[in-house]
């Protein structure tokens, strides 16, 4: 029979051995995994800005098309600028700001810095890409919204999610749904912030949401659609002071 | 370990070949032993994740069989199950880390189902039934055999679901190239939905048992 | 509150562990021959999911996820142990099952007699580990959400296994093509039930 001491020794050696193997593998593979995550983030930004790239050339395309990465505070001041591969002002690189942390801090009443990507689109026009993040039915949803140089008109979006119901909520990241956002406005005629709403039953039939501030919801994916509306509004409204300042120039 | 038997058995003796090939059909883990369906069917919407899943499970089964078989005389019976789980979990984490590093897209599609390989009953089942009482090499073959037996069902289901559900094979647009859309053909959306995987496996079982009458269950 | 009701209903009907994700199929197929035993197993699953999902939630939140160790010392905020989550979750499940078994045996022999034999089966039931992994993947924010999700998934699982057991009890009197008998027809029925459950997808809350 095996003594308790033997069992205990056996278990301890096993645990230490397994932990050592796993930790070393995790350390070796970590750079690759981080690279993948960066590429994914870059691809999302590029896709909102209407630039085509796949995993192999995403980094290259991004470096060619980025004009500057801005980190702005909630009052609309630019705190840090990153361009041409180095920090031109401030200490934060906007790309490294995690939108999830930003939204958590805003919910707690903190004053985090917001990332904004100023890029050159394929037709050489300028775009401003704003990353957004919120809650769907099952878990987080996130994406990017690209604005034209008038800071008002949406010229592209990309949304993504984890684990939404396939066929319903999951439709938020299909091109059909995303293309509805093109040409919608985030400011009304007098320049006040009016977010884009996802409208159930179709925006054309809605009496209280004007055509340029709404898109049609995905039928059946109500909660995901509501989550999406809330996400777009909650994230974009933080950028309003910045936008007003830029427009006043 | 090879010192155990005075006359050395050939690496691929008839007995070892049986270990390798029986699980493919007569002792198939999915259709006959009814093991490991849990983590399987949700990944068969497309061929690519199905193949990756099949390879991952085969590797984990083979190597957990091998390591438990090597350790089999030292494992205290009282903590047997937990030792097995730790070995399996370690291998699965390795697979998951490698997928995340080199096949990021597939790893995103598989999401939690990579983790669920841990509770795949095939692996625990083979460890208990085979590796605990056999030498490393036969255990390794047994693991490969069961992994592949599980894998080919996944791949067949994945092939049918992708072909009829999205009109592609390995993301290659077969249906479009054949031009059948011009005749009013539409992809069958039902194939993409989870229940169709179950029905397809049901049909595979039907065909297999119709050809192999001894597998038919008594009407109890 | 509305959020919680939402998660509960969704995890029972729409994202049913069996019909949408095929989790826990092994015991689902093996134990669903009579309604009585499947009821016992179903209750055991609810029980264990209701305990392990919240525990794994706490482990994930305060030990494993990136920056989770910041409460011990700010210098540990950089650590990311999430690669250990599989092994931690399965260890928690295995030990919880053992613990529950011992507690139930000591304090309620009657319950142990009806539930006890199923408990060891549950440690390797994919639905249990699946519950914890989905909880991690979907990033539930509060303990209450995680608990409700665990319980809801368990109830959904019970519903599915009791329903199939009832059908299998009746189907014994049907003339099924010989090769389909038993396993084959069970798969196909489960598929059809899954299609029926998809009707819940349009549900609005």
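Per-chain residue numbering starts at 1, and chain names A, B and C are given in the order in which the chains are listed.
In this text, a residue touches a chain if its C-beta (ideal position, glycine included) is under 8 Å from a C-beta of that chain, and two chains touch if they have at least 3 such contacts.
Being a predicted model, the structure only gives us computed values, none of them experimental.
Chain centre most remote from that of chain B: A (centre = mean of CA atoms). Chains B-C form the pair joined by the most contacting C-beta pairs. Distances from each chain's CA mean to the overall CA mean are smallest for chain C. Between chain A and chain C the centroid-to-centroid distance comes to 32 Å (mean Cα coordinates, whole Å). Here the spacing of chain B and chain C, counted between their Cα centres, is 22 Å.
Put simply, the C-alpha centre of chain A and that of chain B have 37 angstrom between them. Multi-chain contact residues of chain C, defined as those touching 2 or more other chains: 83-84, 87, 134, 137. Of all residues in chain B, those that touch two or more other chains are 82, 86, 90, 93, 97, 111, 193-194. Under the contact definition stated at the top, the residues of chain A that touch 2 or more other chains are 18, 22, 26, 162-163, 167. Within the complex formed with chain A, the residues of chain C that make contact are 6, 10, 14-15, 83-84, 87, 134, 137-140, 201-202, 204-205. By the touch criterion stated above, chain C contacts chain B in their complex at residues 19-26, 29-30, 83-87, 89-91, 94, 123-130, 133-134, 136-137, 172, 177-188, 190-195, 198.
Of all residues in chain A, those touching chain B in their complex are 2, 6-7, 10-11, 14-15, 18, 21-22, 25-26, 29, 32-33, 36, 39-40, 55, 162-163, 166-167. The touching residues of chain A, counted against chain C in their complex, run 18-19, 22, 26, 137-140, 162-163, 165, 167-168, 219-220, 222-223. The touching residues of chain B, counted against chain A in their complex, run 74-79, 82-83, 86-87, 90, 93-94, 97-98, 100-102, 104-105, 111, 189, 192-194.
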